[in-house]
Each structure stands twice: as C-alpha cells, then as structure tokens.
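Below: a set of structures, written as structure tokens.
Next come two complexes, and both contain subunit A; in the first it sits with subunit B, in the second with subunit C.
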Partner chain A sequence: MIVAEQKPIAEIAGYLDGHKRVLVLGCGTCVTVCLAGGERETAQIASVLRLSGNGREILENTIERQCDAEFFDAVADQAAGCDAILSLACGAGAQMVARVFPEKPVYPALNTKFMGTNDGAGEWSENCLACGDCKLGVFGGICPVTRCSKSLANGPCGGSADGRCEVDPQNIECGWQLIHDRLKALGKLDALSEIAAPRDWSKTHSGGPRRLSREDVAGL
Partner chain B sequence: MAGKRSTRRGTVLVVGGGIAGATAAGCLGRAGIEVHLVEKEEDIGGHAAAMGCKAADTCLRCNVCVAGETFRGVRGTPNVRLHTSTRLTALQRNGGPARFKATLTPGGRPRRKPFTIRADAVVLAAGYAPYNPVENSAFGYGSIANVVTGVEAERRLAEQNRITRPSDGRVPERVAFIQCVGSRTEERYRRAEDTDYCSAVCCSYALRIGRRIVQQAAESKITFFYMDIQNFGKGFNAFYARCKDTMRFVRSRPCELRAGRDGAVRVKYAPGAGEGDEGRSVREEEFDLVILAVGMRPPADAAALSAMLDVPLDEHGFVGRQGADAFPALHGEGIYVAGACEGPKDIAGSIAQAEAVSAVILGSLDGGGRAPGDILMNRPLDRRRPGKAGFMRRAVRGDVVVAGGGVAGMQAALGVARLGHPVTLVHAGGDLGGAAAAAPGMLAYLGGDRKAAADDVRRVLAGLCDELKGDRRVRIRRRTRVTAVEGELGDFTVTVSANGRSANLRAGAVVLATGAGLEPTAARLGAGARNIVDMTGLSARMAAGDIPERVALATDLACEQGRAVTAQVLSAAEALREQFKAEVRVYCSSVRVAASGLESLYRRARDAGAVITKTDARPKIGRRDGAVAITAEDAVTGAAVTEEFDLVVAADLAPPAAGTAGGLARGLKAGPEGALQYDDVWMLPALTSRPGVFAAGAARGNSEYRDALTDGLAVAQRIHRLLGAKRIEARDDAAGVDADKCVLCLTCVRICPHGAIGIDREARAASVSAVACQRCGLCAAECPAGAIALPGFTDAQMAARASGRRRLTVFACENSALPAAEAAGLGAKADLIRVPCAGKVDPRTVLQALESGARKVLIVGCHPGSCRYLQGAGRACRRAARLGAMLAKAGVDGSRVEFAGIAAVEPQRMKELVST
Partner chain C sequence: MWRGCERPAASDVSDRSDSPLERSAIAMSEEKQSKSGSRLERKLAAGGFAVTAELGPPKSADADLIRNKAALLKDWVDAVNITDNQTAIVRVSSIGTGKLVHDMGLEPIIQVTCRDRNRLAIQADLLGAYLMGIRNVLCLTGDHQVFGNHPTARYVFDLDSVQLIAMVRDMRDRKVFACGDEIRNSKKAGIKEPRLFIGGAANPFGDPFEFRATRLEKKVRAGADFVQTQCIYDMERFDRWMKEVRARGLHRKCAILAGVTPLKSVGMARYMRDQVAGVTVPDCYVQRMAEASDPKAEGIAICVEQIRRLRAIEGVAGVHIMAIEWEEKVPEIVERAGLGTGG
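Right, the complex of A and B next:
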C-alpha cells in the first residue's frame, strides 16, 4: 500500500494564499487506510482551514480513488465553483486531479512516503521500491533493494553491527542480517554463495517514467 | 441489570462500610443476597472516601477513584440495606439457617431503638486506625503547625485539589516525607503505639503525593527520609525511576523535629552516604512542610469485635490469623474477615479480598448468581429495567478454563467449581502447586518459624489438591499448555496443546494464572558456573546438602524486585544460617517487607546471623581465584567493601528479553513488565482488557502467596457474576459498522481496548461483537472513513450537541467529569456535553464546535491510566495535543482545544477547570 503523511498545515495554508474558494478533496483508498487523507482527515483539514479564516470558502469531499479519472464525476460541480483544489491523495492522485481539472491549480496536502506495510495501529514501514525486477524469491522474502539502506546485492557492508544499520542504528535493522537469519532458518543459506549479478537499474525509475500496457485489455 | 428482588436466598451482615465492606456488600447484593451493611459513622466510605486522587500528569494508580465508584455503586445496588450511624452491639449464634442474630444499635439523633436482624453469614470489615503520632514527641506532631500526617495530606488534597501548609495555606516549596512513622520500629526504640510491622501502604501513598506535589509546582523540592522503599506492583520500576529523577531520597530516620522561623520545620537526622557532610554525624535541615507517612493500626474496636464474634486477634491486634492456612479468612462457621482489619492493606488489596470472601459466601449459600450477567465491565449496575426493545439477551456457557496449576489457578478452579461451574484446569507441569509446591521452604514468612510455615503451605496445597481431585466438576489436564484463546465472553474456544497434539476446549470464561512470566537474570551474570546460581539452583543445592561456607544472596541487580523475591531471599538466608551454618550476606537496594509476616522473617534472618547490606549502586560481581567477589558500597556508611564468597545466589527475576505471552489471547493488551493485566485501575481485581478473560496471581502483578489465593477466589466471584445465570443481558447499543464505508484498514481492530472487533469475511468489513463491546466509542472516533457509529453518539448527534455554543464547550466523560461536576454542584450551569469516554470525542466534532462559535473546547476525561476503557483518555489527550499544535500552526490559538484529566472524586478540580 502507498503510505503518506500530512504536510505541515502552515505549508498547506501557504499554497492557498490568494485563493477564495478551495475544494479539499480526500481519497478513499490507500491514504484512508494509512490515516492521512480519508474522510476524517479531509474534514479536519477543512475545518482547520476554515478556522484560520482569511475569508476563504472551503468545500470538502472524499472520492473513492483519485488515481482514476472516472471517480471525479462526483465532485465535478464542486470543483467547477472553486479556484483551487487541495488534494489529500498520494502524488499520483494529486497529479490525476491536475489532469482532470486542467484549469485549476492543484496543491498536495500530503507527502507521499513509500510503499510499505502497516505494522500496527499508526505504524508503517517501507518494504518495496518498485524496482521492477523482484528477487524476493532468492533472498528469503526480504528485499535487499529496499531493506538494505545501500541496496547492496551481495551481503552487508561494514556498517552492520548487532543486526542494526549504521545509517540509523536505533530505527533501521540491517536488511542483510534479516536475509541471512531468514535463509538460515529456512535451511537455504547456500543460496547466498551465488554471486548476484549487477541489477538492471533501467527497469526502475532510472530508465525514465515507466508505462505498463496489457494488450489484451488496452487499446481495443 | 437489575436482578429480580430476592426471595429467601440468604442474608449477610457486613460490618463496616469502608472499601472492603462496600465491595463485599456490592458483590453479594448484585448476586441476589440480602445484605445489611452496618457503618458506625454517618456515611459509608471509611478512610478511602476522605483520600484525594493523586494523579499527576497521569494516573498514579492510587485507586481512590475506584473506591469512590464502589461507594456510589453500593448505594444503588439492589438487596443492599445501609444502616449508617449504627453499631453491631451483640451477636448470637443459633443452629440451622440464618444462624446469626445480630443486634444493631443506631446512634445519633433522634435516638432510635436497637433492632435485630438474622443473617446466614457475617463479614467483618472493620477497617483500621491510622497511627496517631501525637504520642511520639520526637515528631512534634500536634505542637509544630506544619507537621501533618499522610492522612491529613490526603484530606487537603481531596478538599483543595492541592497540598498546602496548615499555617498559612501556601503551597510549600520544600517538603519532607518521613516514612515508617509508627511502623517498622524495633522494640528498643518504640514509643507508645509504635509497631514493628510494615504498614504496606505508606511508601505508595507518600511517593504518589510527592509526585503530585512536583506536578503542581515544578520548583518543589521533595525529600524522602526512608529505610526501604516498598515495591507496590508491576510498573513500580518505571514509577520509582521517575520519582528518583524528581525527588531526593535520604536513607535515614530523623530523630527530632523542631519548629523553625516563619512556619518552617527543622528536621534533625544522620545523613547517609552521598549526602556530603563527611565528619558530621547529625545534620539539621529546614522544610516548609513535613508529612509523616503514618501507617495502619488495628481498628479501635478490634478487641470488642473479636470478643463478640469469637474471632482471634493476631500478635499485632489485627483480626484473624496471618499464617499460610488462614485463607480465606474464614473463622468458625459463617464469619469472614476482609480488608485492613485483617492486616495492613491498600484499596486494591481490600477490594480483592472482599470479592474473594464474597465468592466463598456465595458458594456456602447456594443461592447467588441468578441475576443475569452484565457485559459491561466494572460499570455501576444499570438499574433500568430490561425492556423488550433495545435489549439483547444471550445464553452463555457456564464452564471455565483455568490455565496454570499454581496456587492462584488451583484456587480459581476450586472457587468456580464450588459455585457450580464445570472447570478444566490446564497445567503445564506434572504436579500442581507451582512455585509454592516446588519450594515451600521459601515462604518462611507465613508462619512463626520456617518449619511451621513450610508445613502449613504443604498442608494447604495438599488440601487444595485433594478437593480438586475429589470434585467431579473439575477436570485436570497436566503437561498441557494453552496456546490460543479465541471467541468472546460466554463462548470462548481455548486451544490447548499436549505432546504436540492440540485440542479445542469450549468455555464461557478463561482464567490465565500462568505465573509471572519472569525469568532469573542470573544467567546474565554468568550463572551456569558452579558458584553463581539462581534461586532454583540454590533450592537444589540445599536439597542436596551442597552448601559451602560463604554464601551471598544478591537481589535488585537487574531491576527493583518485589515482595515475593524478598520473601525467598530472607527465607533462604534464615535456612542457610540455621540449617547449614553458612556465613550469609544479603545484598539488596531495599528490603521489601510489605506483607504480614515479612518484617518478622527479616528480624528472624538477622537474629540467625545473616548480614544485610543495602546498596544504592548495583554491587559489582566478579570472579577471583575460584571464588566470587562482590564489591558493594554500603548505602548507609558509604564504604565500598569487597568480599569473597564460595556461592553467589542472584535472586533477581526480570521480564524475558523476547516478548511474553501477551499474544495468547487476541486483543489482550498486556501490562508493564510482562503482566497479563493491563495497567489501569479499572482492571481491579483480576480483569484483563478482554471481557471474560481474567488474570490471577503473579500473572497479573507483584503478588505473594496469599494474594494468589485471594485472586483465585476474586476471579471466581467475577466469573460467577457473569455466567451464574447462564445468560447475559445488555442494552443492544454496541458500536456498529457501515460495511459500505469500511475500507478494512484494521485501525478499529487494532485499537479496540477489548478485542471486540474482528473482520467479517463475508461482509468484507469490520464487525463489532455486541458482547465484548464496552460502548466506549474509541473505534468510532478513530475510523478514518467515518464508517463506525456508536448509538446515541453518532457524528450527526454529536455535531448537533456541539453546535451553537458560544463560550466554553466541555465534552465530559460520564465516568469521571460528569460525576465530578455533579458533586461540585455545577449542574446545568456548566452545560456539559456527555460522552461515554473522552476517547469518543472525535476531533471533527471538536472542530465543528469551534467553527460554530465556541471560544474554547475542553475535553475532560479520566486521568490517562484510570480510563474505564483503558486507552480512551490517553488517546483523547494525544488527539487534543495534535489538534492544538495544528491549529497553532494554522494561525489559530492552539489553546482553544485542551484535554484535562480528572477523577470522579475531584469536584474541586472540576470547578477550577470549568471556571478557567
């Protein structure tokens, strides 16, 4: 799931400077689940903006998903009457708002953080960088690209101590320690004697923005 | 739910309307027993009703609010008749049912005639008398204005919401607490009413008041004069650490107090190590206020009651006996003793004992538990009659699974069996009896000498074993472990595993009595070598007769230990001296003697020749030429001494580094230090966060042998209350989920304090158990999609109530803020918006109130830690802080949203809050 967090309210208010009528638009999918941009958060930001005054009119709504154009039909009228839209979606959703309403300035209310797991109420962690070439099967189900701070492919660096990563020993586990422990538990440690070939980074964002097309579904 | 008015189901006379008496009366009345509650004062409440809530920034677990709730509740409990200003003046015994004929004599005016009642049983809950230091001239009490007792400090706190000086009403800056006033005094130093036992409650109340003073004025300088600081339960280590950060501790007993200038009090004492002033044997220091932490004495009428009821007094004048076999405080047929008249006890201990006694009485009267169970934990009885509409009725299973075959588990199993419930006792080991059976010699405080104590323990355990084996309602599964608890109150599925095979048991309630979940820390010191062992290793060596010449017993190494460990260490010290003639030295930071008999054992161990060294810094343990050397700095003399030993026993226990059994039951929120009981006052005596799942004995906290027995019966009482009528009833107003709006984010599943929410796979939405749901609304306030509603408090209803208010808008928790406002006489003036819990207050509602014109919104709930719903107040507090910060950054005054904690017993605080 995509995990996001709200921007500081001052930054949000700064964007809206000079706008008279703003639609605060929530998204009902990932950012609802990660408690950043659902109906509740949308209502709160809208309220706070109204309380901060400036004679600005604030409307609010939450749609199913901001990364699909069709869902915006439900707010077309509201959007038409506004001179700006504040999107509580991830970066993808906010860009879709801009595409659907080309004449409206769109501002993000969230910082999109990562693709990750929910580790308990109010806690999330990053687990996937969308590298486009998944090797979890080799590494015991733990991703060296994401979980190793340096994305190393052949074992830990010298900064691994007591199972922690030198980048932030308090908060980051050494991904390679985890891979080693897990493979050991599975009796597959010998998988690590194979040297992993250099990764093809062109399959990631390094090859430019990626597109995906299913020819059996698309373009007919 | 109100039970049907009892027909002839038995009558019980309860003597004493303090916390123990009121608790027993409430338990029995709820179960349909007719109760006469006799109180000699004008009102029930005893000492506890005059105490103040000691919450600082969070609840400090003094339980005064719980006592207040008990007193409020018992007034409305069906079948309970209060006789205030009335004394028991005669008691006759006859044969047969209703064997007691009691003469009750009302006092006061107009004068009323004595009358008689008949009763099947009598509960003696006569309370205690606070030690009166006026007899002891050294403390200047009565002659120096600003020397007060702990009792008076409590009363000032209750009445004024702060501690002030009697002389000028000012908030004092320099405050001294003198511990053990009247308690723990050796014979040769005793004056007047001084006693040698530990009163068990003074460290806890004094430290709490100290924290409260620091919180009310951060510049306060608090000094504790003490001998030992007693550990009063799980969570103590964290609490004590905070105390040490903010207060000064001086290990010394002041010898004289004199009046100084401007109301000051001069305290003369011998400074201990680390206090500087080398070469000066006595120092005098000035304080603005001195609080004497006075202890508990037997009640004034103990002797008269003892004679009237033909119940023995112990050596200190408390009612009843204190040995291993004295429980359940049964003295002759039909007479029971509960609370502090039996020995020093805090509110929690009194409640547990009163509930335990109630279980025994219900069993003997064969009549209780016919009122349908109320699924709302620990709430005052709902007196509204169940109507047809809006009420739910569920059949529940009457059988019980008890996990753990130690004393708590055995007693719990027997307790519920005696009340008619089939029970399966699941025991991981072979022989029942747990730690007590494994080492009865380590409980030497339970008798006048160690042999008698061990024999008593063995006899009690054998008695429990025999009764369990002889009861056809009891099934014992040995070498079996509970691996999972699923389901809900009235219908649990308990998975057990034995020899790699698992099976499912069904039960209406589950008791977890699986021990402390702590492990010896000796291994961390390099145990395994022959000369460093833990307590189990010592027991084995003693059994084998393999004891060398020089033995050290060290404790408080990894963290501060509790009474149970002190009992083991002192028992071992005495036995090692007497049986093996070993040289014995005990190292500890404090000697924990807060249980009847422990101070005597401490004295016995020293008389036998064991040497006690108290240290503030942890002793260093190292090896030296085949021996073990311990270097310790004596806390009193400051001298660092290294001694060699042939055997070192590291007695510490600590939570295992890896997680504990908290995950056993889904949604069970664990407490500190591996306890299965969540750390919240409303979990008393033995509840867990999940309705229908109970924790007893060491599994829930710092308990000793008798606490474990008490817990077992208290649990039985609670289970019978829930399952005795084979059905439960409640208003059908649990939180509801709108499946169309639910996004399956699991937030509610994870935050529900009661494990009441799961996922309905068919509906693809969260689903709330109407039985486990406690109607707090935490889920509704947190759902990011607005999919959950609590009937009566829906978003629309709350918005309507919060709108159009101009001035201060107060959301008031119905468990704390509302009753406090009522007690303060605020009534309609304050114009409060009732909520079931501060945690129900949705930030959106708060913002709506501000938008509709409120100048300020105040959310008043319980002090975090004393929330009826465990985490509601804490969540409300954090939400308000987040919202306030957000508003401030948006250019709105952040102080327009605030959270405040309060207890129902703090009307003065409520007045101050609403008037700001």
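Right, the complex of A and C next:
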C-alpha cells in the first residue's frame, strides 16, 4: 500500500489562512489502512480545525478512493460550496482532487512516504520503488533497488555490518545481507556470482512521468 | 606472480637511452604494450612490491596544500590515491588534484565514486582525466551522503562499482562507451579511447564475510587490474580472506594491495574498532596504543609490523598506506618497512 503520515497541524492551518469554508476530504483506501487519512483521521483534523476557531466553517467527508475520478460525485455539492479543499489522500489522490475541482485550491494534509508493508502495530517499511523492471525473481524475493540504501546491484558495499546498514544501523537492515541469507537458504547463492548489468533507469521516473495504456481494458 | 601486461616492461625507460626522442619512442611503444602506460601497472607487471598512499584534497581551493602533501609522498610511493569527495564531504575534485600531482611527477590514482555522477558524467570526466595525463582510476561505490556535509543532497548510484569497473574496461579494451557507441568523434574520425589502469576496493571485513571473495571475483571479472583493501588490523581474518582469494586464483589475475592505516591514538583505535563499519581492530592493538608512552610512535611501529607481515603473505602484491591527515609519516613507514623506492 501507499504509506503516508499527517503533516504538522501548524503547516495545515497555515495553508487554510484566509479560507472561510473548507472541505476536509478523507480517502478510504491506502491511507485509511495506514491510519493517516481515513474517516477517523478526517474527523480528528476537522475537529481540531473547528476548535481553532477563526470563524471558519469546516465540512468533512471521506470517499472510497481519491485517485479515481469516478468516486467524487458524492462530494460534488459540498465541494461547490467551499473555497478550499484539504485532502487527506496520498499525493496522487490530492492531485486528482485538483483535477476534478479545477477552480478550487487544494491543500495536502499528508506527506506521502513510500510504497510498503505493514510490519506490525504502528510500523511500516518501504519495499518497492516502482522501478518498472522487477527483478525479485533473481534476488530471492528481496529488492536490492529498495532495500539497499544505495540501490546496488552486485552485492553489499563495505558498510554492511552484523546485518545492518551503516546509513542507519538501528533502523535499516542491510538488504544485501537479507538477499544473501535468503538465496543461501534456497540453495541459490550461485545467482550472486553473476554480474548484474547497469539498470535501464528509463523505466523509472528518470524517463519522465510514467503512463500505462492498456487497450485490452480500454472499453470496459 | 601477477601478470597484467602482455610482457614485463623495463622498470625505467631512461636507463636504456640517452636521446629524448628515442626515449619518447620507447615510452610510446611500451604504452602500446601495456594496458595503460601507468607506472604502477609497469611496477606490478614486473613483479615489484607496489607502495601506494592516499592524498586527501583540501576543502578549499588551496593548491599549496596539495603540492605540499604531494612533495612529502613523491619520492616514496609508486602512486597516490586522490580521494573523490571522501566521506561525502566536498573537496577539490580528484581529477583536478590529480592533474596538479601529476605535474609534480607523482603518479595519481583518481578515485571515482558512483554517488555523485551518472554514467555520462563519469565517462566525460575519464576522457578529460586521460587527456591530462592520468592513467590510473580507482572505481568505488562511494560513502553515502548522510555521512558528509551535504546530507540533504540527492544521490546518484546510476551504476555500482562493479558496473563502473566494467564500463571503464570496455572504454579501454572494447573502445566503446557504456551505450555501445565507439569512442570516436565522428564516423570518419579515428577511435581515441582512454586507456586507464583499473582499480577497485576490496573489503575483507565487511559482512556477509563469505560473500566478500565472490564480490572481489566479480570485480576481477568486470576488469579490475588491481584492488586496494580496506585498512587491515585483523590479520587473522585477512589471512582467511586471502586463502579464499588464492583458492579462486584471483591474485594471479588482479594485484592485491593490502591497506594499512597507522593509528595515531588509543581514541582513534577505539573509534575504528567501534564506529567504522567494515573495519575491525583487535583488542591487542587497542591495548598497545593505550599502554604506550608515545602512542604516535607505537602506531607507526604497529603499522610497520603489519606491512612486514602482509608482505610475507602469498598473493599480496603491494601495500596501500592510508595515513589519514598524517601524510608526513609515510616516508618513515616506507623506510622502516624496508620498502624504500629510492628515497
């Protein structure tokens, strides 16, 4: 899922300076699951903003997905009556709000962090950089592009010690130690003797913002 | 013995001719025979025990500091590493510093990291470095920028160090850029490739230990002519690593230069032991530094002992002395270790 966290309330309040009627809009998908921008968090932020006074009217609602235009009908009337929208979606969702309501200023309430997994209560970690050329099959199901701090392709640098990455030993495991251990357990350590060629970064954002067009589903 | 060249070259061209023109012709023909025209390459190819050192460029546009350091090292080492924004702190570029050093008659080994430049920038810089007379390059991953003075910078890591070695090898031996294009200015122009002697780093002490020799093997297969190791204090672990290196025959394809760093104080010994990933310092050295009445002299004595021991290990082709901000001690270390190259 996409993992996000709320911005400091002071930053959010700063955006809303001068606005009289604001729609606080939650998102029912990823950010609901990671407890950053769902119905509950939308209600919390709306309450805080109401308590801060300023004579500002605060409306609130949560739609199923802000990254898809088809879910916005339910809030069209509320949006029309507001002079700003505070989006509790990820960056993609907030941009869709701006696209659907081109005449309304849209402000983000969240910082979008990464694509990752839930590692237990209150813990999430980054696992995928959407490089567009998945090699998990070669590396034992552990991604060197994401899990190595330097995205190295041919093994660990000298900064791997006791399974930790020197960039932040407390919080970051050495991705290459993980790859090594997993391939060893699978009896596939030989795979690491192969020299991995330079990556084709044009499949990442280095090639510009990416698009996906599929004719097979275009008419559905 | 390691043989990197087509044939062993004479150690000193000037011994064989008095005429400058003839000397130059011989030098050119030797350059064709060798991979790069590097003096370090010639020394290793002839079976000599190589001595390299490290020269960290200054954090300011201070040419005198570079020249002073180079003057200290000039007559004592075969070549000197010029670091590339070491520990991710901005300094004079390795190529700029290398040019100054080269002009003083000290042979530079230009470090190139993957952190700050992509494949376009690195290839362009290597072409420029070659034109300025530089003949050795050391291909490194690079320290992460969080350790330096610009921790909010964006990193590059377009290539990793193995891929960088292969790219420089392909530029030299296949005469092509990373994209596959021939290194020529136009279809009608001749190929003019940069011919560099290619080095890499090896860390016998990083984890996972059993992968370390495999990683060196990848660098050798990618085209590393020599490697310099992380600084060695743990002789036992280095011995084990060298056994693996010899078992794979890597020391015959690639010159292994063993890295040493003289300890200056017990504080430094503890710091290296506890804080630097990929470096292990056995307690016996920490204790010796703690008990010494003159810790600096003890640090030099330990370093000299280490070099003598390293030299005796089969497959060690030279020593790389990293006297961090202590370049003035290199001549003493070289002399006391019995490695004087002329003085």
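The rule is simple: the second predicted complex is superposed on the first by the 218 of 220 C-alpha atoms of A that agree within 3 Å, B and C clash if a C-alpha of one lies under 4 Å from a C-alpha of the other, contacts with A are read in each partner's own complex, and residues count from 1 in each chain.
Definition applied: a residue touches a chain if its C-beta (ideal position, glycine included) is under 8 Å from a C-beta of that chain, and two chains touch if they have at least 3 such contacts.
If you're wondering where the values come from, they're calculated on a predicted model, not measured in any experiment.
Please work out whether A:Gly38 is in contact with subunit B alone, subunit C alone, both, or neither, and reply first, second, both or neither.
In the superposed model, A:Gly38 contacts subunit B only, not subunit C.
State whether A:Gly120 touches subunit B only (first), subunit C only (second), both chains, or neither.
A:Gly120: touches subunit B, not subunit C.
Of the partners subunit B and subunit C, which touch A:Ala161 in the superposed model: first, second, both, neither?
second
After the superposition on A, what does A:Ser202 contact: first (subunit B), second (subunit C), both or neither?
Touch partners of A:Ser202: none, neither subunit B nor subunit C.
Examine A:Leu152 and indicate which partner it touches, taking first as subunit B and second as subunit C; both and neither are also allowed.
Only subunit C; A:Leu152 stays clear of subunit B.
So in the superposed three-chain picture, is A:Leu51 touching just subunit B, just subunit C, both, or none of them (first/second/both/neither)?
first
What residues of subunit C sit close enough to touch subunit A in their complex?
114-115, 119, 141-144, 146, 155, 157-163, 166-167, 178, 201, 203, 205-208, 211, 214-215, 217-218, 221-222, 230, 277-278
Give every residue of subunit B touching subunit A within the complex, in rising order.
Result: residues 741, 743-747, 750-751, 783-786, 842-844, 847-848, 850-851, 883, 886-887, 889-892 of subunit B touch subunit A.
Can you list the subunit A residues touching subunit B in their complex?
Its residues touching subunit B are 8-10, 13, 28-29, 32-35, 38-41, 43-44, 47-53, 118, 120-121.
Using the touch definition up top, name the residues of subunit A that touch subunit C in the complex.
Subunit A reaches subunit C through residues 149-163, 166-169, 174, 176-177, 180-181, 192-193, 195-199, 201.
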